[in-house]
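Here come two complexes built around chain A, the first alongside chain B, the second alongside chain C.
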Partner chain A sequence: MGWSLIRTYTILVYLFMFLPIVVVVLLSFNANQFGSFPMTGLSTRWFEALWNNDAILRAFRTSIVLGLMTATISTVLGVLASLALVRYKIPGRNLITTLLIAPILVPEVVLAVALLLFLNFLNIGKSFTLLLAGHVIFTLPFVILVVQARLVSIRRDVEEAALSLGASPMQTFFSVTLPLLMPAVAAGGLFAFTISFDDITGTLFWKPGGIETVPTQIFSMLRNSISPEINALGTVIIVLTVGLPLIGVAVARILARRSGV
Partner chain B sequence: MSAVSLTQIVKRFGNFTAVHPMSLDIEDGSFVTLLGPSGCGKTTTLRMIAGLLDPTEGEIAIKGKRVNDVPIHKRNLGLVFQNYALFPHKTVAENVAFGLNYRNVGKEDARRKVAEALDLVQLPDLGARYPKELSGGQQQRIALARAIVIEPDVLLLDEPLSALDANLREDMRVELKRIQQRIGVTTVFVTHDQTEALAMSDQIIVMSKGRVEQVGAPEEVYNTPASEFVAQFLGASNLLAAQCTDISGGEIALDLADFPRIIIAQKRAPKISAAGPVKLVIRAEKLLLRPAGTAPDGMLSVNATVENVDYQGQSARYFLRVGDHQMQAINMIEDHPFAAGAQVALTFRPKDCAALPLEVGS
Partner chain C sequence: MSIEQREARQPWILLTPALTAISLLLIVPLMFIVVYSFWLKSAVGADTPGFYLDNWTEVLTDRFYRDILLNTLKIAAITTVACALLGYPAAYFISRSKGNKMILLLLLMLPFWISYIIRTMSWINILGVSGALNSAMIHVGLIDEPIQMLYNQTTVILGLVHFLLPFMVLNIFVSLDGIDTNLEDAASSLGATRWQGFLQVTLPLSLPGLAAGGLLCFVLAAGTYITPVILGGPPDAMFANLVYEAIIRQLNWPLGSALSLLLLIVLGVLVLIYNRYLGMAQLAKGLG
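Showing the complex of A and B:
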């Protein structure tokens, strides 16, 4: 009796969480031009409309480029920062770690306004570079958290063994440390990409006029009307943001199994 | 020419001195052990030779060349760790070949050397496996193969047997010594295990609290300990307060309560030069328990009471009382061990005794 109550309750919670998403996905295949129930038939016309909508395609391209650049820069910076913080004795190490993690703790709006004010103070205008910088600041903590955790578990004596066998510190990093770190690097990069791809708050503040990412594009489309195209776009984004990390985790697992750690 | 020589090296970490001024010459091709309890500075010393730590003072030379400023990857050393430290993402063959990648060794040559090294450690067929598929003992053999395949000037072993279980450890000990003799590489071995040190070494350096307590061949260190620490760290020793009453004719007379006078050769007490209070040292294995009243000729005998017995199968450790002295004896068991409470004759030969001066603070 008790168990079946808990089961029902759990199901209700999941329904509450996922029903809206299911509705979006379902309606994106609705033939009717009004995005509402009852559905009048199955159709992929909204996906076609999406494919022919230049503004959305442009936004998509911007988001992908921005996401990839954010992921690359955050991962490189994150790995270097983690190495410094874990492998070397740096004065004020705890303070630096806290500062690097801080962007997660500060509300995004505050961070967004702060960066904007700072740039105003420096008399620098909005630009794609600024947008990229904002995304890097916002995604870096995630990379650092993941990479640091993994780096701590890589034993120092494995690196010392490589050094003793004649590999320079740089060769040791590329032949031993980095391969062992790879699952975390991949996971961190994926985190950075999906967070950047999803982000709207910071992006709204930082993006220069004329540049739209997918979320801001949807936002501006919603201001006019709720087009079923948005449902289709929503479906595409769901597939991307849920599918990519899943693939990433799978790849990380395979890598980890191969490296035996 | 010595393979490794340390000249007055010191290592300090902040205010803590891990290694006090220490000088050491390690002969080419010899097997030298740094022995001591944890925190005695033995691993710090090894890491300084390896180049993983910089000495605060002093000079380190390998094959006659000063290496203080030579980074570890240019020192040509073989290093074996307690936890194997194999590269988990590389196969056994790739692990062993790793060091050859950074030396001018052709592909064919490298393959042959790897095969030879795997043969030497008696694991010729495991090249394609990954480290996690091997047992601890196998992993440590691979780690050894990886270290010797580069033909290092010195092989440094940092407690390589400590992670293995007891039976395996003894096998590996014999194996390690065999391989070392076969290739003749100068070896520095760090351990806290006196049995390993005694069994494997040409020379033992006993360390305590960052200082060298004694340097000598295993027998010398075992039979004639230079300090109370060495006497107690290498096996179980009884240390009894005694009076040196006479030194003459190369012999020393020792008197202590409840014992007959003990006369020992002066070379068994090289640090004693005058009459006065001393410590009598006698190993637990050299004290033989016999039924009360039976002492063969040439042996001294005292009456003792067995207070406790620690049964170990082939041997037993007895905790004894002789007058006011608490003593320990380790004897092989012939039929049955003596029981707690038994009155026995505790017999020993004077030549198994040694004497040490009283230490300051003891």
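Showing the complex of A and C:
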């Protein structure tokens, strides 16, 4: 009896999580010109409107460029730091770990204000550079946590074998360690990209006038009223953000299998 | 240089880029706004450096700020409790289900990947004047005119719970999944009912996960900026909205610094209390 009660409760929790998302997708195909209920039929007109909306396309381009740059920098920094934390015994390890994940513990608004004011003091005003710096610092802890979790499972002796067979440390890193690390690198990069693509609070503080990312574009569109175009954009983002990690996981699996670990 | 010395230096070389970035882009900026919060805003031109207590006096004595701070903490607390009440049974179900736990967990984490702003705005489609709920109620004849259900404190909390629930479930799951199920069996073989076994064995052992999830929910809810703007009305402003107002709209950076630091201090005290009793390791487990 108790168990079936818990099951029903859990199903309701899942419904609570998914119902709003399903409604967004449903309404994005709505033929009704106000995009509200009742639905009058299926149509792709809102997706066409989206495709012809220059502001949204520009925002997409900005978000993707920003996300890719953030992911690249965060992943490089994160992988190096994780290697140090997992592979070496270092004094003050706990303090360093706390420092590295500190950006998660500081409320995003506070982080946003501090970075904005400090870089402004250094004559770096609201700009793409500021946005990039902010996104890197905000995503770095997540990359480190993900990469560290994966690194623990890679065995050290494979590298030692390569070294004992006469490979230089550089050769060992590029032909043994890095291929083994690829799943961790891919997971970290994907995580950073997704967080950067999704970020809004910090972005609102850092972005210069005239530059919009996808979330800030949606935010400014919401000011007018909720249009079916936003729902269509939501559907595109849902497909991208759910689809991308799934593809990522698949790629990581294939890479992991190929490297034979 | 000996091999040992080189070996000892390597981790620091690997750590330097990340530590430099964190120091320059987080630690130093935080120290900078501490200094900035004692400066004075000038009517024209640059702010006046110095050691003035004006901003702090204003932030700490003005009723307006205090009320919004208390309101923010109240909203965060209600959100956290709601997440725990919704999340615990779900996490328990996932961890004890015979089916594929990972698929169930992944499914619940899926919304976490979907854009925060899309998920927040999706509630307008449901609760808005022309939303799903109003249409359905008019359709079955329950009401004649649509009711405005949005833009109040309840919808702000609803949006926050929807946003933060996956964090809570994940943390509780990590804790529950690590508990040896033999312990519950042992309790029942010693005569405890299932409910007693749960209350006296499983629940206490899962408290670290509940605490980690609770801390995350509380801190993230208390620092939220977007949800009250999209789903709340003017009286539902939270502390982050004050900060935005001061920094971006009024350009009063010294005051904005003091406000940000007040929020950081209040939430920081919570994190420190948590760290004192449970440590950061549990939190890292739930996030990774």
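Simple rule for what comes next: the second predicted complex is superposed on the first by the 249 of 261 C-alpha atoms of A that agree within 3 Å, B and C clash if a C-alpha of one lies under 4 Å from a C-alpha of the other, contacts with A are read in each partner's own complex, and residues count from 1 in each chain.
Here is the rule we use: contacts are C-beta pairs under 8 Å (C-beta built on N, C-alpha and C of every residue); 3 or more make two chains touch, one makes a residue touch a chain.
All figures in this text were calculated on a predicted structure; none of them were measured in a lab.
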item	value
Chain C versus chain B on the shared chain A, clash or fit after superposition	fit
Touched partner set for A:66, first chain B, second chain C, both or neither	neither
Three-chain overlay, vertex chain A: chain B-chain C angle, C-alpha, nearest 10 degrees	100
Chain B versus chain C as contact partner of A:106, first or second or both or neither	second
Chain B versus chain C as contact partner of A:231, first or second or both or neither	second
Touched partner set for A:168, first chain B, second chain C, both or neither	first
Contacts of A:10 with chain B and chain C, given as first, second, both or neither	second
Which of chain B and chain C A:176 touches, first, second, both or neither	first
Chain C versus chain B, contacts on chain A by residue	C
Which of chain B and chain C A:155 touches, first, second, both or neither	first
Superposed arrangement (fit on chain A Cα atoms) - minimum chain B/chain C Cα distance in Å	5
Touching residues on chain A, where the partner in the complex is chain C	2, 6-7, 9-10, 13-14, 16-21, 23-24, 27, 34, 36-38, 76-78, 80-81, 83-85, 87-88, 90, 94, 96-111, 113-119, 121, 133-134, 136-137, 140, 142, 144-146, 148-149, 194, 197-198, 200-201, 204-205, 214-215, 218-219, 222, 226, 230-231, 233-234, 237-238, 241-242, 245
Complex interface listing, chain C residues touching chain A	10-12, 14-15, 17-19, 21-22, 25-30, 32-33, 36, 86-87, 89-90, 92-94, 107-108, 110-111, 113-119, 121-126, 128, 130-132, 134-136, 139, 162, 165-166, 194-195, 219, 222-226, 230, 240, 243-244, 247-248, 253, 256-257, 260-261, 263-264, 267, 271, 280, 284, 287-288
Chain A-facing residues of chain B, complex	50, 52, 71-79, 81, 83, 85-89, 98-99, 101-103, 130-132, 143, 146-147, 150, 156
Residues of chain A that touch chain B when the two form their complex	155, 157-158, 160-169, 171-172, 175-176, 179-180, 258-261
